[in-house]
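Each structure below is given as structure tokens.
In the two complexes below, chain A is the common chain; its partner is chain B in one and chain C in the other.
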Partner chain A sequence: MTSPTTQPAAKPQSLLSIREVVKTFGKLAVLRGISLHVDEGEFLTILGESGSGKTTLLRLIAGFERADSGEIWMGGERLDLLPPYRRRVNTVFQSYALFPHLSVRDNVAYGLRMQKKIAAADIDKRVEDALAMVKMSALAASKPAKISGGQQQRVALARALVNRPRLLLLDEPLSALDANLRRQMQLELKSLQREVGISFVFVTHDQEEAMVMSDRIALLRNGSLEQVATPREIYSRPATSYTALFIGHTNLLRGHVERGLAHCGGFQFRTSVPDGPAVFSVRPEHIRLATTTVSSSSDSVRFRARIVAHSFHGATDLLQVECADGLKLAVRVPSHGALSEQHDFEFSAADAFAVRDSEERS
Partner chain B sequence: MFSRAYKTAVTVPPLLWVTVFLLVPYALLFCYSFWTVSPAQTIVHHWNLGNYRELLQVHVYFQTLLRSTWIAARVMLFALLLGYPLAYYVSFQAGARKNLLYQLVIIPLWVSYLVRAYAWKTILGSDGVLNTLLQYAHLTRHPVEFLLYSPFAVVLTLTHIYTPFAFLPIYASLEHIPRNLVEASHDLGASPIQTFWRVILPLSIPGVLAGATFAFVLSLGDFLAPLLLGGPSGIMISNIVVSLFGAAYNWPLGAAISLCMLLLVVSLLFLSERLEKKWSFS
Partner chain C sequence: MSASAHNPRWLGVYALLVFALLYLPILVLIVYSFNGGGVGGFPPHNFTFSWYRMLLADGAMWESVLNSLMVALAAMAISLLLGIPAALALDRASFPGKAAFRRLVLLPLILPGIITGLSLLMLFVDMGMRLSLLTITLGHGTALISVATTDIFAGLQKLDRAQEEASLDLGANYWQTFWRVTLPNLRLPIIGAALLIFTLSMDEIAVSFFLIGRDNTLPLEIWSRLRRGMTPEINAISTVIFAFSLVAIVLWYRLRARAEGQPELGAELVETAAAGS
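For the complex of A and B:
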């Protein structure tokens, strides 16, 4: 199997293309015109809170639901007109959906046996390879009820991948696992995806999981895409206040801009944002404890605040501070001993990132 | 958790009920089957195997038992052939009408058995609905006689009466199949027909076994349908038992036949239970 990720400089081609897809259940609009593409060999995560429509979007790609309007294309073919059993797409279900009456081996062989043109010997070989890939060869004869959740998850993965789909859909496959196993599986899944070179569309509500695994994240909110970008970009350049709050922690400063100067509560700093009302996101780790008596640089914003809470998080400490005007901010600093109640803080104006206010749409 | 007195209070009444109304009568039946009737028409408590010997030697008993089994087998087959597609349709295809259809299957159970048996009598009789229709349509000149008072009438009536009993466990087992298994099957490239044979049918086997057992066992012991609609050629084993305990006044022989049937039914239930366990995976 060739791995597109190893081909340097080759511009990845769009494998899946979702165009203006709308889906309603009764009167409830679940997806309000989604347009999204998935590249060849890409790991795309659809991230969103419960009820954002992320599972519905996945089910539309798999073929379990039909869109009210819009089209889904895969490699020059209208995918949304095909029944699910004609799509070269496989799914890893949230609850794994292993067939309880079939052994692990027969579960994995299921998809290959449905295709008439594969010889029995080839099926056996591919099934054994797939089981070896997920380290489940030893339990091949067991029934699904006899193996653990993590093992069922591997079998579900092997059952989908053995068919060599062009696209693998994963519906919160790690949500049933405990935290340690989940972190381990995140890394395994990511390296497996690199290995097989198949495009993954991964649905999750866990932003940390999305950050760790994805090439790109599509953030879904109330049936609309809020932002689609790489994890790094979506974190450092959030388009909206919702994105800034959902991906990691942040402080939102509301105010207005006048002749290149932002006024947000007690803060004033230079900005390139055009005049008018504005919202800025300042990440907690971008606020520092001021050590000198004067501002360390010309663009730094300096303020005095009272520390209301101080919690230890290993390498860092998280502070809740309250400014003189009552504004509460989160501050992340390198682990520190006891701090005096009042302290000077500063952040640089460049770290105050202007975002579009998404408040009115909630 | 619960006090001793409470446990006693809840367990003793049902145990007492089962003992007085089930175990004691069966024990009596067991004893009777080894006793005899004297020429003076009294029951003699003289232990012997004569009744069982008579069962094997007199052909009519064995033949009737065979006919009953054959009738029950046909009823079971037709009840499954009707009940399974119906249960499948209600469970998987009916959508919003699911509850309505389910109720429609249940409602006939509220109508007295006798009413339903008599209904078939009116339909199948020589002046019945069916014959009137056939003559009206000039398909026959004279009433068709074989419809009523035949094994056919018994099988038809019993199938009508016991199909809901086959439907219910099948429907329950189909309802228990997680729908994402069906989706997973489609996802893996199986067509709806392949999905039925490879996922839905295997997972509904416990319901099919329970439904088949219900239909077979209930039909095997039935005596009203053959009495009302069977005629001489449609007599079943229970009719013989009834007459032995009644007009013929041969309780010991009736008890022997009853025990044989009981043994047959209990082994069937046991077998069906074993098979159901083998086919359930949750």
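For the complex of A and C:
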């Protein structure tokens, strides 16, 4: 199996292809022309704030909503023309949506029983296997109301996967779980996905969750895709200021470029960005406490600032610092004892990453 | 516990009085059904089952009971068969006049029975139908559609629509989804509506009065006998009805308690154990 960081030799087969999909509810434009593809065996996360349209996009793939225009293809077939019950796509719902009148076992068997060609013995076998996979065999006879939220989540997952869909859709399935269980489930889901080899499209508003689990992240904002990239790329090479702010923390430096020299407030540094107004993202962990009296290298940007807040986060400390011109920056440094009020800081010009300015949200 | 400003004793006494006001007349009715001295005289004396024996042998009375049961069951079927689709339409479909329909559907329940009865009588007469148990059944059935519709509509509103989507998602078509997910989830509202319709039909008098043919329903039989004077046999049949109602209510509450049962204690423990393994 190839790890997600290395480039696979052959281009992976595209499984799902979303083309120019537009969806409005009344006068509200929810999706404004989305084009996106999901590869065979890929874990793709649709990340976005509430109201960004991510759940609507998922519901379009599942077939619960109809697009105003655009097409969705899966394996050479127009998926968006099929009713939901004819799509080889299964969904794990945010509320789990288990059938309360059926036992855990019957919930999991539901999809298989709807297919006429499967023998009863095969159904039983596959249901038992699916329950074992999510460690729910012991509670197979229970009703959903009698099991905990985390258990319901596992059952919902088994109920969807037992049908061996080509694509599994997950609508914020972990949002109802508490933090510890959630972190555990993130890892379990990811390893399960590798195991079964089914493509997952996972919807979440939690950027950390997206980073941990995904092969690629599609960042959705106001019904448009802001950026689609691997977690590493989207973090280290954010396309826009919105992406830089949404994925992790960052400092945005606004200014302009003149003959290869960026001027942002009190900072000046070399850049390859063409002349004109520019926005740079500098991650808090890329700013360090200056230890020597002179700049450590020629491209480092050095400044003096006042520490206005200092919080302890275990391995690192997060500082809020204020420069002479009033600009406030976040700085992440390895855990440190008390610091003097004024300090020298520096960052490399190479770490000031130019981003496209996302228009201000109304 | 001592009486305090937050727990005034008089409020408890007051509640008991209200309870007595509600149930004392029924208690009196029951006691006198066993009274050898008939309906008159206080205190009751000479405990006897003779009124019940008389009731058992009373063919006309049992015929009216049978008539009422048939009418009530048929009315229940009519109102549910028409009320369930109406409730589904109110919940899901959008059609012109929906808001008005939602309000008007309750009207037959609020209108005085005299008006409903009179209007149905005029309708049946205009249609040239002979008055009989059938006209009563149709009258009850149509008037009680409102009960079925409102009860089941309320149940539909509480239904998690994601469940139906999950069913479609798992390969069930719309019809299979209705039978396997929607209807089982409406079990309680449907049973509740059925019981309510049954009891309302069983003791309905105003509408029945206008639509009655030759065969009496139980309330009309009792009413017509009362005009000839009160006998403890009526107390006896009333006591029997009361006992049946009581059993029905207890069954209904047990059913509902079981359906809305609390999650089993220990589910959390198993979860913790599974997380640890």
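Everything that follows uses one rule, which is that the second predicted complex is superposed on the first by the 350 of 362 C-alpha atoms of A that agree within 3 Å, B and C clash if a C-alpha of one lies under 4 Å from a C-alpha of the other, contacts with A are read in each partner's own complex, and residues count from 1 in each chain.
As a convention for this text, a contact is a pair of C-beta atoms (placed from the backbone, for glycine too) under 8 Å apart; a residue touches a chain by one contact, two chains touch by 3 or more.
Small disclaimer: the values here were computed from a predicted structure and weren't measured.
Overlaying the two complexes via chain A brings chain B and chain C into a clash. Applying the stated contact rule after C-alpha superposition, one finds that A:Leu181 touches chain C and leaves chain B untouched.
Contacts of A:Trp73 after superposition: neither chain B nor chain C is touched. By the document's definition of touching, both partners, chain B and chain C, reach A:Asn163. Legend: residue contacts after superposition of the two complexes on their common chain; A:Lys135 is shown touching chain C, with no touch to chain B.
In the superposition on chain A, contact is made by A:Gly150 with chain C only, not with chain B. Touched residues of chain A were counted for both chain B and chain C, and C has more of them. Within chain A, the residues touched by chain B in the first complex and by chain C in the second are 62-64, 83-85, 89-91, 93, 95, 97-101, 110-111, 114-115, 145, 159-160, 163.
If you check the complex, the residues on chain A that touch chain C are 62-64, 83-85, 89-91, 93-95, 97-101, 110-111, 114-115, 135, 138-139, 142, 145-148, 150-151, 159-160, 163, 181, 184.
Those residues of chain C whose C-beta lies close enough to touch chain A in the complex are 160, 162-163, 165-173, 176, 180-181, 184-185, 187, 261, 263-264, 267-268, 270-271, 274-275, 277. Here chain A touches chain B in the complex through residues 62-64, 83-86, 89-91, 93, 95, 97-101, 110-111, 114-115, 143, 145, 159-160, 163, going by the rule given at the top. Interface residues of chain B, counted against chain A in their complex, comprise 178, 180-181, 183-191, 194, 198-199, 202-203, 279, 281-282.
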